[in-house]
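As written, the chain order gives the labels A, B, C and D, with residue 1 at the start of each chain.
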Amino acid sequence: MSAPVTDPIPTPSCPPPDILRCASAELIVTDLAASRRFYVEVLGLHVTEEDDQVIYLRSFEEFIHHNLVLRQGDEPAVAAISYRVRTPEDVDAAEAYYREMGCRVERRADGFVRGVGDTVRVEDPLGFPYEFFHEVEHAERLHMRYDLISAGELVRIDHFNQVTPDVPRGRTYLEELGFRVTEDIKDEAGTTYAAWMHRKGTVHDTALTGGDGPRLHHIAFATHEKHNILQICDKLGALRLSDQIERGPGRHGVSNAFYLYLRDPDGHRIEVYTQDYYTGDPDNPVITWDVHDNQRRDWWGNPVVPSWYTDASRVLDLDGAVQPLTQRTDSSEMEVTIGADGFSYTREGDEDGTYRGEASKGFKLGNQL
Amino acid sequence: MSAPVTDPIPTPSCPPPDILRCASAELIVTDLAASRRFYVEVLGLHVTEEDDQVIYLRSFEEFIHHNLVLRQGDEPAVAAISYRVRTPEDVDAAEAYYREMGCRVERRADGFVRGVGDTVRVEDPLGFPYEFFHEVEHAERLHMRYDLISAGELVRIDHFNQVTPDVPRGRTYLEELGFRVTEDIKDEAGTTYAAWMHRKGTVHDTALTGGDGPRLHHIAFATHEKHNILQICDKLGALRLSDQIERGPGRHGVSNAFYLYLRDPDGHRIEVYTQDYYTGDPDNPVITWDVHDNQRRDWWGNPVVPSWYTDASRVLDLDGAVQPLTQRTDSSEMEVTIGADGFSYTREGDEDGTYRGEASKGFKLGNQL
Amino acid sequence: MSAPVTDPIPTPSCPPPDILRCASAELIVTDLAASRRFYVEVLGLHVTEEDDQVIYLRSFEEFIHHNLVLRQGDEPAVAAISYRVRTPEDVDAAEAYYREMGCRVERRADGFVRGVGDTVRVEDPLGFPYEFFHEVEHAERLHMRYDLISAGELVRIDHFNQVTPDVPRGRTYLEELGFRVTEDIKDEAGTTYAAWMHRKGTVHDTALTGGDGPRLHHIAFATHEKHNILQICDKLGALRLSDQIERGPGRHGVSNAFYLYLRDPDGHRIEVYTQDYYTGDPDNPVITWDVHDNQRRDWWGNPVVPSWYTDASRVLDLDGAVQPLTQRTDSSEMEVTIGADGFSYTREGDEDGTYRGEASKGFKLGNQL
Amino acid sequence: MSAPVTDPIPTPSCPPPDILRCASAELIVTDLAASRRFYVEVLGLHVTEEDDQVIYLRSFEEFIHHNLVLRQGDEPAVAAISYRVRTPEDVDAAEAYYREMGCRVERRADGFVRGVGDTVRVEDPLGFPYEFFHEVEHAERLHMRYDLISAGELVRIDHFNQVTPDVPRGRTYLEELGFRVTEDIKDEAGTTYAAWMHRKGTVHDTALTGGDGPRLHHIAFATHEKHNILQICDKLGALRLSDQIERGPGRHGVSNAFYLYLRDPDGHRIEVYTQDYYTGDPDNPVITWDVHDNQRRDWWGNPVVPSWYTDASRVLDLDGAVQPLTQRTDSSEMEVTIGADGFSYTREGDEDGTYRGEASKGFKLGNQL
């Protein structure tokens, strides 16, 4: 693990590309058949195209070629995190922007994957394989194909979540790239533990979570309603795959969305997510959560399992090699909130359990385990 | 704590009363105002009558006077567990039945509480204050008062759950009283950990959970849909009372219902429950779960918090004194399933994690904590 | 059409059978493949057994062999309306009961259909082919097979609805057979238009609707939640079969259930139904609706289409011949509520539209068409 | 009614304002207390401010001062249709844009209503009182106040729908103003009956419906889930106000959203709407519906009541006088689809009812009434 990087990320003089939204990710999986069972048979994503090395999947309401690419490989990893940009010229803008930053950049007029045209991939300043494209084949939008909908249908890709050691450093870089912060988690000393930022008017297109990075924490898909998420759990139970449920379902504090975290056969984490809120106004109020607020990650105060804090997917450089990790030197959210050295509260300032006269116990987990 | 009781419960020669359903419970609470906030303001039960010592509450679809009585007292306890019987004569039958058993019995023609007529209360063979009545005042059934319905509305009382040391002993007694078992939890050695039994054609009107008893584990109310239960959690979060969520929400293995467990200001446990299944046929298939099946208590494999196993409400005798506890001598479900001496599986016989080629880890909790 | 029958139905001296619940129906369909598409591919009922002449279907939570039998025939009709009774002896009781009434009765020790044992079929006093059985093969109860559940899953058979000319005459007969009335529709002159009655503790196992009879108005299946019913509509739209939606979805006044009426390829009517209320107490309050109350059939005041009043399935006698119809002589609910001679109100006594100061128009349909 | 206007609308040389979203509307109501009952007590909108002449309301997730202004007046009308623009300078841009068009324009640095700053109001080329503002007071965003949420909560303002005689003329004007069309309804002869267009990445911020105009057809609010809309109907039934339900609930063909149309005490139409789809990509596929497709307005083929086609709210000019109407000369959607001269189909080309072998009847309404 390399030493922490603290140098600021340069701001290019040229304008950033106009990013529309998070669009797709490319995952390296070690057993394509097992992954197909998980994503197609269990989760019900729709196959746009596939062969024996790669599967292109899209969600129910998507009209672009894919939201997820599964590629057979030797080690689980993330090969690309892709955003769609507004115009073909925005791909040029992206190339120029990252070149001026000094990043390694690769441009392919025919794209890196099926169904996508002119694309630029970069090793971004945080070490992630970011991809920008505009040209894309359209696929049938299935949004009214209620003859095909499953009880736990995934209807849209919603966001990425990236692990990086220095959240403020990454946040500034992404804000300059055009993202706007909607919520974050801090402590009284000013440490930032995580930040959420968007382009498409929802709570996020991507988020930064503090930790050893670069790693991808998860990819999130949206459902229409909350019961769809419960059905995914019920189905995993029926298939005796409940151990692929890592955390939830629950209500997030941050984002206000209803959520569930799953682990795919390679351990890649998938979030299923629904019902956050509109954030498209430029003065959308930013919400800052106290890291010790026990409802920040789960509004119901249910505990976050340690694996959710510690595990994430490694990412590849443009040669396909795994990027080395840089260690987080700031405080760890897990350590400051659970276990011997951490603390959390349900009601700020409520130490003696007398709030409203009801049974008041502060941190729920501490009472349970 | 008294020594374990192992003598069999005598079977009366006279017929048991024809029990319709679980109908209400009387709880002793130590701060009536705090309890009112919880049951009326937070959970939205409807007040039929109240004064400064007692509150009578009913659920949205109920037409009898109450499903829950809250009475101010010095120590949290359960004063009565009440069943409605089919006819006035069934109250006579109940009195005769328990007298023949040698139980202490008290009959009051005017009832023990407001709104209920001729009633018999007994100290039953398991030590519980069972009550049987038929005559009852009708209250407005609110079932179409959608102007009054809340987003997390409790619509029916569903069942009780009682803690008793010797489950088979209690089960036989209740079967003779007319209950029919729908599901139970056992191990390969034949130990019974819990049993569910009904009168009204649902999975249960009451259940027996193995443990030091007599204690009342919980009282359950039903909602119409699953989102109603999620809303109760969301509301507790908004009120910064999330530490009153003890376990869930989740899908039960046993009963197949969607559930949530709350603790009231005195620690009395309330379950919110929806969507079990019809059991009214006499040959309704009984489901026996293996105590080591990690999906038996939560179909999604989410861990059961220890307090759920250890805590329960003490019950009163007919003089209002707390009944002494008898210790369970059979194995403890908590001990055989979690912690150093316990084990559970997600897939029976799946020890090496190769099931279906997916990531397979057996017991989820062990991997998390 | 034969002359109206007004002679009272005799009350047998022997006790009636103890009926558990509505259990299944046998429909004659003219194109078995088309019916299979509707019931299996569109509605998702589960095939227990089938050959080229007959298909046995059950709902998601059912453990008996079937809830619906589709049999190829020349004319659409209803061959049997089946109730399950509590014990084998109750089949004897049913046989004796109907024989004493002077009805034609046929007893078959091996049953009339696959999966069901000793059965009695009768031509009942209202002209319906009622069937009573206890012995039945068990099939896999799918209630936890969330890998098989569809977004619009039918989980239980709920009730029948029968058309008969003289509702009070039929009601008395069914009450003596053990049914209990939960709701009815009358007018100020005492005419009864319909009555709902149950055995299993829901609003009904069968209902009587006034009209030329004997005809079967519909068979109803239950879903878990309301969105499941909406999905059935969405799927029919996607399949361009929306003209099979006859009425709804909506909220019933009577029964308080959320409902939808479909017509199968032969015109047999299927209701999809969810969330009525518990009725198992003997003093369950009976609700009588005024026939002129515009919210009695649809709580939202949406119009009932005329076909819903006029169409129903003919029934067969025990020789397989279509039973002749007897004409209703009482007032027609359709005629007294819609069209030139009918009237309905939204607010009783609100003739001048001044209720609460809001826009008040009395009968909604009259303003729309 | 004035003669039809056919002159093209001029395109200004200056850039249009950057519109964020539909933000609010100002309605003139004739009985403020009655309107308050409808919008606050029945629908549950939240009062930001009020006095005896005006009430400012916002939805559950809104952070700007209001989404709806109710103002006491003599005649029901619409005083303003308001969009929020991205920056203060966009208000200047709006003023210049409409001045160059030759429209009457009024600019007020302190706004026209409470809670909103610098604003421009215009009489737009279609005769509507459009308003553009950026500066606005923030109110508490209630999005996590689950202690305040009702079972039928309105969480966002979603869109307007405007009636105008010449849809293509209006569409061009709005496209130049920056709106993008997502769906429309046409016939084989090229007549456009309606068009939907957006700014915020949903199916619409406003729509144009062909008819005598300018009139406002409706204002739409979003709920989280479909059951919330059903609850609004149930509540109106409980309050015996079901005659305020004009159409639905149902699934739209156009927009794919689940919908309900209500009429307020003055006849202003409110839509409740949920679950359309993301449209923010510039190449979002436009869907054109055939006016004869019976599933275009209701995916389930349920009939559109005539009042929905004929009624709409008159709009005011900047002096507060009612704008005169211009008559539609193109075909009427109502006339070409229902009644003696209209026709619709469920399955295009399916005239003989043989589609798939199922009962096939073409236009459902024709069979019902």
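Heads up, the rule we're going with is that contacts are C-beta pairs under 8 Å (C-beta built on N, C-alpha and C of every residue); 3 or more make two chains touch, one makes a residue touch a chain.
As the structure is a computational prediction, the values presented were derived from the model and not from experiment.
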| item | value |
| --- | --- |
| If a chain touches subunit C and subunit D alike, it appears here | A, B |
| Interface with more contacting C-beta pairs, comparing A-C to A-D | A-D |
| CA centroid of subunit A to CA centroid of subunit C, Å | 50 |
| Centre-to-centre distance between subunit B and subunit A (centres being mean Cα positions), rounded to whole Å | 41 |
| Where subunit A and subunit D are represented by their mean Cα positions, the distance between them in whole Å | 35 |
| Per-residue overlap in subunit C, given as positions that touch at least 2 other chains | 144, 225-227, 234, 237, 253, 299 |
| Residues on subunit B engaged by subunit A in the complex (per definition of touch) | 31, 33-34, 37-38, 225-227, 230, 233-234, 236-237, 240-246, 249, 251, 253, 258, 263-267, 294-295, 299-302, 305-307, 346-347, 355-364, 367-369 |
| Residues of subunit D defined as touching subunit B within the complex | 144-151, 153, 225, 227, 231, 234-235, 237-239 |
| Subunit B-touching residues of subunit C, taken from the complex the two chains share | 20-21, 61, 63-64, 84, 86-87, 138, 141, 143-144, 155-156, 200-201, 224-226, 253, 256, 275, 277-278, 280-285, 299 |
